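Following: one structure in structure tokens, then a few remarks.
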Amino acid sequence: MSTIPLGPVLDTAHAPGDGARVVEPKTPALLLTNHHHLCPGCGEPLAIRAIAEAIEDLGLVDTAVCALGIGCYTSFGSTVDIDLVQCLHGRAPSVATGVKRMLPDATVFTLQGDGDMVNEGLQEVLHTAARGESLTAVLVNNGVFGETGGHMTATSVLGQRTKNTIEGRDAEYHGYPILIGDLIAQLEGAAYVARGSVHNAGAVARTTKMVRRAFETQRRREGFSFVEILTMCPTGWFIPTGEGPDYLASTLGEVHIMGELKADGQIRTTEELHAENVRKAAELEAQLARGGLED
Amino acid sequence: MLAEYELLLTGIGGQGVQLGAQVLARAATREGREVMFFGIYGGMMRGGNTDSTVVVADAPITAPPVVARAWSAIAMHDEFWVPLEPKLRPGGIVLLNDSTFTTTVTAPVTVVRLPATELAAEAGNPMGGTMVMIGAYSALTGLVTLDALVEGMREAIPSYRRQHIEANERALHAGFAAAPTDIGAPRAWEGALT
Amino acid sequence: MTTTTTPTRALMEGSEALVRAAILADCRFFAGYPMTPFTEVLEHFAALLPDAGGVCINAESEIEAVGMAWGAVATGARAATGSTGQGLALMQESFSEATLAELPLVIFNMSRSQGDYFQATRGGGHGDYRHIVLAPQDVREGVALVQLAFHLADKWRNPVMIYGDYLLAHTQEAVSVERVEFPPLPEKEWAVDGSRSGTGRSRSVTPLGVTKVGQRHFGQEGKAQYIATKMAYVEREARAESGFCDDAETVVVAFGSPAKFVKYAVAQLRDEGLRVGWVRPITLWPFPVDAVRAATRTARIVGSFEISSGQLVDDVRIAVAGAAPVEFIGGVSSDHSGFGLGRLLDVDEVRERIRALHEGRPQPPVPGYEEFTYEPAPHQLAPTPEVTP
Amino acid sequence: MTTVVKSRGTVTIDVESCKGCELCIPACPPAVLTMSAPVNKRGYHYPELHPGCTGCAACLMVCPDYCFEVFRFQTPVEHEVPS
Amino acid sequence: MTTTTTPTRALMEGSEALVRAAILADCRFFAGYPMTPFTEVLEHFAALLPDAGGVCINAESEIEAVGMAWGAVATGARAATGSTGQGLALMQESFSEATLAELPLVIFNMSRSQGDYFQATRGGGHGDYRHIVLAPQDVREGVALVQLAFHLADKWRNPVMIYGDYLLAHTQEAVSVERVEFPPLPEKEWAVDGSRSGTGRSRSVTPLGVTKVGQRHFGQEGKAQYIATKMAYVEREARAESGFCDDAETVVVAFGSPAKFVKYAVAQLRDEGLRVGWVRPITLWPFPVDAVRAATRTARIVGSFEISSGQLVDDVRIAVAGAAPVEFIGGVSSDHSGFGLGRLLDVDEVRERIRALHEGRPQPPVPGYEEFTYEPAPHQLAPTPEVTP
Amino acid sequence: MSTIPLGPVLDTAHAPGDGARVVEPKTPALLLTNHHHLCPGCGEPLAIRAIAEAIEDLGLVDTAVCALGIGCYTSFGSTVDIDLVQCLHGRAPSVATGVKRMLPDATVFTLQGDGDMVNEGLQEVLHTAARGESLTAVLVNNGVFGETGGHMTATSVLGQRTKNTIEGRDAEYHGYPILIGDLIAQLEGAAYVARGSVHNAGAVARTTKMVRRAFETQRRREGFSFVEILTMCPTGWFIPTGEGPDYLASTLGEVHIMGELKADGQIRTTEELHAENVRKAAELEAQLARGGLED
Amino acid sequence: MTTVVKSRGTVTIDVESCKGCELCIPACPPAVLTMSAPVNKRGYHYPELHPGCTGCAACLMVCPDYCFEVFRFQTPVEHEVPS
Amino acid sequence: MLAEYELLLTGIGGQGVQLGAQVLARAATREGREVMFFGIYGGMMRGGNTDSTVVVADAPITAPPVVARAWSAIAMHDEFWVPLEPKLRPGGIVLLNDSTFTTTVTAPVTVVRLPATELAAEAGNPMGGTMVMIGAYSALTGLVTLDALVEGMREAIPSYRRQHIEANERALHAGFAAAPTDIGAPRAWEGALT
């Protein structure tokens, strides 16, 4: 924390005049509005932003087609300016397969939640990855069914608060979480697998890069690409919004380890990822302290 | 001879309308009445519509859970009031929270305005406006007793909110005390086969 | 008459009352997956079953939920699952096969509208299966019908569905959940527990019509025929109630929560002197053909009021069999979320529809309907050519 | 006593879209965002900017309601601030 | 008259002819999962689509198959999936939602019997959805109806099902698969390809009734109402044929392969001088109410012949509306594998059933039926008590 | 191969007299008949025998309940004297869960094929394993849908002949196989995971031991136990029956590596398993040559 | 010339259940099983046993049709076999 | 004047009944006839039932694929014959494989017995009994020509069985030659509107 003394409240209603330029990343033009109905402190809009940013950065806007799952993020179907195929709960990977096979030059991606992907449609994503479909799957993983009120999912970690595990998930009663990214990385058809998060600015920046690499993998037709993004759900976790990031880091983040699980033909172990994480976090903090994230 | 009494409650998210209806319904249940209660409210967000219907009777209820006509209403805010006004039965009664209900009511019913928010604040319970109103409603209509309301409120408060019980009790009493009982408001159960 | 307060009498939402009734009927297993407006049924089972010595699993999907319930039922336990429209659609394969396997499974369908009438009564499973479908009009009746559901499931070794809706699930009522007594049922000799493995008399719970070598063998065809002839007996379980039908010129058929609106509106119209009546199927299957026929005996016209684009009306037409014209007087209607029953479900609306039917006027539009009426394109109005000689 | 605080950047905030989640507050490295005392039309508190912004865009990156746009000054702006 | 041999005329099994017809109708995507008697449809698509520039995926399950087809259809391609009873049961959620999403999906249902009539016409999906269902009586007609299916799907942006069976799938005929011409259809402006992303005019293929911010917004309720009113227009696509009905005292209704048996048997009975006739729905939905009504105008009695425990009979009853009694004269019947149509499907059997109907005698038993008739237990014959006041 | 000169054909129609005793393993009494309708050379009946033998050996007969999948093996539902719950295609793990929760003292096992488990019901087995259900799942993996005519499944290995890959499965066209045992071993709820085969007598003996260990795991309530058994399907592979064992070893067996993938809390790598396999094969052959398998 | 071949064991074979898959033939370590020239009622060849069985049960373990039962002699039986 | 000719083929698995029906159906197709063919057979196992129906006509076929009456039959074995015999139309014709069909046929039809298995063996094609029979059937009934049968057979044999083509051709010819054409067997197409 810095120790700058707090000065007066400045005008933030109007853009500054000529003496200033807009900083990248801006809010992507693909986002048609910021009026969405997701809860305060939700991490999903940040994942959406990362995807939109990656698509714009790579110049893929007019090839993008989204196969969207059913969860809170479904509401982005109408607020993001991307050709949309809405899928039923759990079915996005198969739908995306049909889209991609008919439009081999499109940039096809799915957006699903953990309830959608790891509960209802677990086999869809695994089969699609095993087939090596040349598409990108994005998972927003908050460890709960947000939409229906915050119940435990197959990715909720032990000890996590959810509507039906208000004292924390217990292995004896509820079984163990599935580390979906790790499973997918095992499949030969998966070419790129990464796990990011949106619990702070550094994580957001890193996650955006992962999404970009995933799309590049797709464009090079190397096989299936997958990015899992851990997101806050203070409503489903029954905690104050401001505690979301720390709660994420200390629960989901300790079990679903962030990093590139598979890239360039290499599968990375949990230990390697841990080490990498520590290093990258330090680097980013330094970069932020220096005043920006642009490379 | 009316055997079924309908009450509509309306307000905006955050005013405690659903809890108020719940307390009233539980109070009537405790008194052995037949009770039906149905609430409608938007998602998690503040400021949205929140409505609720309570029907109390002394024989199995024939009314469906969404009523077309109501004997009484409590309106905490006028934002979503318009479609409700035509539902009031002539001769019925409506209680308005004067603090946030600024429009006029023209239906041929007894209209009672109370500064519920202020009364609640005075009772040391700034969020207790709806409690004040149902306290007053009890005094005016006699549909439920004040004692039953207090018991119903104790039952309705979830365990992790136990600390609010006393403040709510004060608000109920304040409302009961503030009600103008001399205005000839329609009374429940009079002539009914209780 | 004031009902006396009993210790068990309490204000509770429909979902909770149904769950408490199920547990009272010895339901000891439940598995489900959240979906509005069924979610609370799952939540109450999760909260209440363990203390009753039962198990509730928050299944990872609907298909897994019905599979788990299938397994539990096969052991002879009373068990249930449930969902709403989409989730039940996913369970259709299991539902039809459960009928062939003669599994007394109970299904809680907290539907989003009455547009799932076909799903419930004819299913999207395959083959000639039928479920008993009980449609309570309110929480009070729901408590009784849930217990009846478990009884009938065991009596007939056939799945039974409770068809509820958003209102039933969420309306709170002062109810006392009390046990309903039924005649005794035989032991479940057919249920598995491993104890007869290796004895030469081991058991088979299966939809395939096979048994162990040396036991009576059905085969798929035999089993299908056996079940088809069983259904003729199950048809005796049809239930209905009616009111004001002795001299009614106009009779309205409705079920579930909407029936309460119809009954209320008909009573109002009777007060106005109109000769209208109502009949309410309590079992959607077996459809109470005789009761509907009897109730419409004096009718000049019959209306089917339902929150759908017209499904119940098929069964009404079959029952009335041309004795009077049958008109569909319901409509598609929901709240903006798609979960609730919408603006059509209002006593005033319902009353005006019945009045229009009675007076031979066209039905008033469904509120908000005009805006989304389909406008066919010119190529759609052109006839499609014949393709075969 | 006053200090001179240099703002290398600044932000715009769409306060009516803000849902008061407070994620931007700890995200700001120089800690120049604080929550408002008043509330917006929907009843939420929102962030206010004080001098010292570096234009790093961390707030933008963590705001779920896309309330921020970030700018960098060609020449930093200086504010005298009581310290 | 001898048909001249054309280069494309060849002996092929029904499955192959249907698949060739689909490809001729520009079907370019297929996904399916093996299940008898649908498996060969999948095999022929797998063998023939790649050379036609299309894609066939051997999907890992039925639910995944319909998802893939959903995606392909969303791009504007003509695409199909299929299965039989159980597999289609698993696809029910997708089928009903595909209707709301207005996806012109074509479904090949190679059924194991006619007991899936309800599944096809009323579905186990949720809500008020309907599919156009075309039921060819033989391979020759199948070739035409498959092409019609793709046309109608696009014309109405609604799923269309081909209802075939074991006989249709496996019978080989000398056929020439020739293109049927249809009026032109508009461009698929609604289909996605990514090209309008980022332009402010990006597209939404969705069952949820939502559109992009700034575009016309339906909402779930609006979309359901929109679809319900669309269906009234689609009902114009009803098709049927009939024979010997001008003066028939007895009329039999049948569809699909079994209709060929009925037609043949009726011709034989006419030769014997009996005034019998037949009417065959070609579309099961929309049900050809007018045609059935017209064909039964002179009838004293109407029979529904179907290989099921009685499903088509419901629609016949609704259509005839009491003008004549409608009797079910079919039955459950399959071969021992459960796949084929069994012993009831025999011209002699069918003729004797029609004759019995005509002469007012009870129906002869279904061959082999007696053995597996259900015997109720005493507790099942006792009435169940009332549970509600 | 031995070099014994071939003598006359001996009487094998009658059991020898008093001077001889029956050798273990006998055909288990749980097998009600040997008249089943599976094809010549099918490996599934051998897997069934292994299960029956393990149950008898452990004295668990009167606790055994089978949740059976849909495939060729379904026909054993009527020929094996074990309480049966027939499941729909792919659903056995969930059904078994319901059975086990109501009968905690029963020995509950599933029997499924690769089409049933790894295609139609992939997520059922993964979720059940993740929940750590205390039951045993047995997979008979022949890399094809036998019952419907020998089509490729999600486990068919590259190069494998099936009805729709008669020239061998090709990754480009058909994607990559799923190594289901390896995936399950990754799940924390899985306590015992092994992969055996029935392509020769040694493999059968080893597989029987794996099944036994799986049941022991269940009886000790340690969590989910899983045995995958590679089986021959000459019909679906379109090869002569006699070539089945070698074809299995050289195709499926080279990719789905046999051995205990997880036991006593240890996950074993492919390399470790390979080494173990070589050693065990040698041992068994020696034992057989010495004239018997009894320990 | 003859050799004495010792049979430590023997088997029974249910030839009518045999489907002629030949899996037992290579499974037999001493190679004392051969396929028959004649066929059974369903038209399949079946295995025949020659002297030299060790009673190892390998055949039993690989036979998908459960055709074998295996026995071990208390005293091995000897056969004179032309070599 | 009969426009539709039905042929039933029956035998046991392994006798080539389905292939025989297939060849005949293809031959008739080549000659521009309307043809319908439906086969029923058990699973993979040998020795099971195998039946097939071929209908040939000169106008669109009205018969359903499972026929109740047949104009002709070829029986390679008598194991599954019993239910078929009553289906024969009086005046029709049946060809029996004398080698494996030992029971007597009493239906009022022309009965022709041929030692098909032996004739096939003589023609160097021990598995070609059914080919012999359809060759003879062609000679007797004229439903299809021998040339068309040969072409139909070439079409029906899958590519990996190409080596059997010649042997099958010999069997067809052998059957054609061995048929007793002077017995007044019913002929197809005579009087039909060809």
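We just call them A, B, C, D, E, F, G and H in the order they show up, numbering each chain from 1.
FYI, a residue touches a chain if its C-beta (ideal position, glycine included) is under 8 Å from a C-beta of that chain, and two chains touch if they have at least 3 such contacts.
Note that the structure is predicted; figures quoted are calculated from it, not measured.
Looking at every pair of chains, which has the largest contact count?
So the pair of chains linked by the most contacts is C-E.
Compute the centre of every chain as the mean of its C-alpha atoms, then state which one is farthest from the centre of subunit E.
Checked the centroid distances; the maximum from subunit E is D.
Between subunit C and subunit F, what's the gap in Å when you average each chain's C-alpha atoms?
Averaging C-alpha atoms per chain gives centres 43 Å apart.
Please tell me the distance, in whole Å, between the geometric centres of subunit E and subunit H computed from their C-alpha atoms.
Each chain's C-alpha centroid was found; their separation is 35 Å.
If a residue has to touch 2 or more other chains to count, which residues of subunit B qualify?
45
Taking each residue of subunit F in turn, which ones touch at least two of the other chains?
If we look for residues of subunit F contacting two or more partner chains, we find 39, 88, 119, 121-123, 127, 154, 174.
Which positions in subunit G are in touch with at least two other chains?
Expected reply: 44.
If you look only at subunit A, which of its residues touch subunit D in the complex?
Residues 1-2, 4-10, 12-16, 19-27, 31, 34-36, 38-46, 49, 198, 200-201, 204-205, 234, 241-242, 244-245, 288-289, 291-293.
For subunit E, which residues are in contact with subunit H within the complex?
1-5, 9-11, 138, 140, 167, 170-174, 257, 260-261, 263-264, 267, 335, 340, 345-348
Would you tell me which residues of subunit B are touching subunit C in their complex?
Residues 22, 25-26, 28-30, 32-40, 58-69, 193-194.
Can you list the residues on subunit C that touch subunit E in the complex?
63, 84-90, 92-93, 95-97, 111-113, 115-116, 118-119, 122-128, 141, 144-145, 147-148, 151-152, 155-156, 180-186, 209, 218-233, 236-237, 282, 308-311, 314, 317-318, 320-323, 331-338, 342, 366, 368-369, 371-374, 376-377, 379-385, 387-388
Which of the residues in subunit F come into contact with subunit A in the complex?
119, 121-123, 126-127, 130-133, 154, 171, 174-179, 182-183, 186-189
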